[in-house]
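In what comes next, chain A is part of two complexes: it sits with chain B in the first one and with chain C in the second one.
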Partner chain A sequence: MDPLHAWTGVLFGALLFAIFLMGTLAVFDREIDRWAQPHTRVAGARGATGAPLRLDTALPHLQALAPEKAAFWLIYPPSERVPTLRLSWPAELGRGVRDLDPATGAALPEQGAPVGTQLFYPFHYNLHLKWANLGEWIVGLAAMAMLVAIVSGVATHRRIFRDLLALRPGRSLQRTALDLHNLCGVVALPFHFVITLSGVVIFIAVYLQPAIGWLYDGQRAAYAKEVLSRYSRPPARQAATQPIVSLDALAERARSHWAAAGEPGEVQLVIVRNPRNAEAVVEVRRAYERRVGLEAGTVYFDAASGELLHAERLPTASRVQRFITGLHMVQFDHWTLRWLYFAMGLAGCVTIATGSIVWVRKRAERHARLGLAGAGWVEALNVAAIAGLPLATVGVLLLNALPTSWWAGNGDPLTASMSWFFGLWAGSLLHAVLLRRGGRHWFQQCAAVAALAAADVLASSLGSADAWSHPAALGVNLALLGVSAGAGHAAWRLRQRSAAGARAFAGAAAGSAG
Partner chain B sequence: MTSLLWSFTAWCAFALAIERHHDQVFRHAPRRLPGRAWCALGTAALLAALAASVTTEGWPLGVLAWVGAAAVAGCAAALLLAWRPRHCLQAAACALLLGAVMAT
Partner chain C sequence: MPNSGNRAALAATSRAAAAILGGYALALAFTAATTLALQHGGAWARGEAMITAGMLAFVVYLLAALRAFVTPSATRAWAEPLAAAAALSAFAALLAA
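Take a look at the complex of A and B:
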């Protein structure tokens, strides 16, 4: 079990850390969007007259903004976490997004990019590798490795329950790291197990693609209809001749349908599929509110006539899958639980990071005695994963707090954010590789994270008037201050350790010379 | 909140069943019977925390909140034992009472 735990950690540690960190950030993805896009921090989800903003307001904007061949339009009514009327459509890179003022229905000027929902969150589950679902496959493999690491970890750490609450901060960094690994690994063990297992269950349709293709003769729509109770119809040859019926009227009929079924709720999302086609369909999905399971009770209407085409009725197996998915995706309205998910996600990051650090440090000492260089390369990878990824994250947040034209030019802010994010991460790897012999890479990158996180808060405070009064911006700013303090403390401890090491080396050299 | 406080009591009780932490708090290792009693108290407190959480939030959300509260309380107990081990018993008792007051 020992080698299994160690090598699973070594091979997948960096990837798992990235997945866990991005997943932890994704818990507050919409709040990060509010921080990065101050113009979306608008108050109230109701129009100027006090009535809810009409969904139909979105249609002329989508006609103008979405490409001619867009397969769907998404319309998110204003909600507590996203107070704007948000429009989205498929774009070359991810999705195009535009926010409308909930009071006037006017398009809000763009500033910054929705990095929380469009950069960090997709990175968590597909690493932005979309070709043939490659990202989902890699993340699934990493999740399986995490399950192996969790089970083998309980068997490997023989004193795990005896040392359960042992935290010895005054001892060596190695000892403290191992204590943190044990503590965070054990107290959040049920959460880590469930979140990892549910992560695999979410993409069951991706991982079982060959079996589904074989069972349904390659007819994916037949699978979606039977298992997910979805409705779809092929687009017609001709374009739409009639305008789309009132979306507000359809939303009202959907509410009545849900109330009659004993599960009342508000509209969370309206999707118009094949919007410019004669066979266009409007889907209306219910908000999850305090339901754990992701059952949206989707109702389908003909876009031209408003005729009810289908209402979702999930089979039991799919309801179980949606419940497990809901456990993972924390879409329910519960702020305390959202914070607990965030805390336990951080505990997962600490477990993975400390495990990798302890393993590499042990190897580094042995390799130094034997004159080998392998551990230095692995440590450089560790630095890039554990310090470099937070560095890229706070770096891209800093850019989004600055005027967009400074760093994106006339280009799309999201595309530019992605380029900067991966560029900074690659830069961190290069820096760690170049400094792999000196051991200063940890200190320098931790110090850079601390400085950039503090700069994020400063730029946010100077760039927007409500940086400390809007709840989402306040939360992100406080978290960034915490990151700055934590990374600063780590840098200080690393500096002390390297200074002590240098003094000991100088003392030994002087002693041997004398 | 009750769930968090009672989970904290539970972790402190579990810690006192462990030789290292019992010695930190009482300056001697636990005898066999008191060790088991601390374990039983910890288990009871953890179950009471679950019951409090489920009563407030309902089944699925209550269990999730309990798992989260137990994890956070475990970290808090570890921090207390690392820096102020002698206060473990008083802190656990306070958390137990405060939780009971909040539950009523």
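Take a look at the complex of A and C:
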């Protein structure tokens, strides 16, 4: 079991660290969006009188902005975490997004990109590799490897409770790292196992596609209807002759329907499918509020007549799968639990990172003795994974805190953010590989993370008035200060260690010369 | 000695491949067989049977992957999940007919 645990870690550690880091950030993805897009920090989801919001103000904007052939329009009414009226539609790369002021219905000026929800969060489950769902398959394989690593890690740990309580900082880096690995791994062990297994369960339809295809004879619509209680109809040949029925009226009917069914709630999302077509359908989805299970109770209306076409009714087994999905995705309203997920996610990142560091250091020492170079390359990959990815993250956040015209030009800020993010990450890999003999890469990249995180906070403070008063922006700024402090401390300790090492080397050289 | 080291590495890689691929084949066959068994034997609806079988299949996959590293030989690491997958597939084909 020992070599199994070690080798699963070696092969999948970097990938798993990326998945866990992005997943941990995704817990607060909407707050990161608020930080990056100051114009979305509007106060009050509703007018002063508490009057229900007019969704119909979104339609003219969507008509103008969405491409002619767009397969759907998305309209998100304001909520606690996303206070604007948010519009979205399919675009070349991902989604087009526009925010409207919920009080006036006017389009808000765009600053920055929604990097939390559109960059970090999708990276977590598909690595932004969309071709043939390749990214999702890779993440799925990594998830199975994580499960194997967890089980084998527990199996190798004979004195699991005694070692759990032994955190010995100040000793050698190896000792501290190993203690941290055991501590973070064991304290949050149920979380690590459940979050990983639930993540895989979310994508049953992708991972078990061969079996599902065989069982359903390739009838994907039948699967969606039976398992997910989804309704869909193909577009007609002719365009719509009538305008879309009032969305506010449909939202009101959906609310009554949910209340009558004993599951009352507010509207979370309105989708218009095939919007310019005669067979357009309006879907109204319910907010999750305190429900764990990701069941939106979707109600489907004909867009032209407002006729009720279908209401979601999930079979019991599907409700179980939706509950497991909800356990993973944390879409419910509960700040304490959200912070706990974040803390345990960080523990997972620390577990994975320290495991990689401990293994590579041991192997590097052995290789140094034997005059081999392989471990240096692996360590460079480690640096790019464990320091480089955070570096790319704080780097892309810095861009978004600066005036958008400086770095996005005429292009879409999200596309530019993605290019910069992957560019910075690639740069960190190159830097790590070039500095692989000598070990200065760790220090330099940690120092860069510290500097960039501090710059993020500065840019945010200068760029918007409510950087320290709006709760989301405040939270992200405090977290960035923490990152800067942590990375700075790590850089300082690395500097100390290498200075001590250099002194010892110089002393030995002087001793042998004298 | 380099030679035995290489042989050990080859055996370990073989087991890993058996864990990943053999385990996956077993998970798929398990999904199909269990779905049909629940449908025909337990009068479950197809959708419910399928999603239940699917959720269980990942646990089966994990167990099969772990097993591949403790079998007496690397050959067994392949033979076990593939034989189980074949048996379950045959069972599923029978139920589907």
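Please note the rule applied: the second predicted complex is superposed on the first by the 510 of 514 C-alpha atoms of A that agree within 3 Å, B and C clash if a C-alpha of one lies under 4 Å from a C-alpha of the other, contacts with A are read in each partner's own complex, and residues count from 1 in each chain.
Here is the rule we go by: a residue touches a chain if its C-beta (ideal position, glycine included) is under 8 Å from a C-beta of that chain, and two chains touch if they have at least 3 such contacts.
Not measured: the values here are computed from a predicted model.
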item	value
Combined model on chain A: chain C and chain B, fit or clash	fit
Chain B versus chain C as contact partner of A:F332, first or second or both or neither	first
First, second, both or neither for A:M344, with chain B first and chain C second	first
Partner chain(s) touched by A:C184 [first = chain B, second = chain C, both, neither]	first
Touching partner for A:L430 - first (chain B), second (chain C), both, neither	neither
Arrangement angle, chain B at one end, chain C at the other, chain A at the vertex (C-alpha, nearest 10°)	80
Chain B versus chain C as contact partner of A:L197, first or second or both or neither	second
Which of chain B and chain C A:P3 touches, first, second, both or neither	second
Partner chain in contact with A:V227 - chain B first, chain C second, else both or neither	second
Smallest distance from any CA atom of chain C to any CA atom of chain B, in Å, after fitting	19
List of chain C residues in touch with chain A within their complex	12, 16, 19-20, 27-29, 31-32, 35-36, 45-52, 54-55, 57-59, 61-62, 65-66, 69
Contact footprint of chain A on chain B as seen in their complex	11, 14-15, 18-21, 57, 60-61, 64-65, 67-72, 74-75, 77-79, 81-83
Of chain A, residues touching chain C in the complex	1, 3-4, 7, 141, 144, 147-148, 151-152, 197, 200-201, 204, 207-208, 210-212, 214-216, 223, 226-227, 315-318, 320-321, 324
In the complex with chain B, residue positions of chain A that touch it	162-169, 183-184, 186-188, 190-191, 194, 290, 292, 323, 327, 332, 334, 336-337, 340-341, 343-344, 347
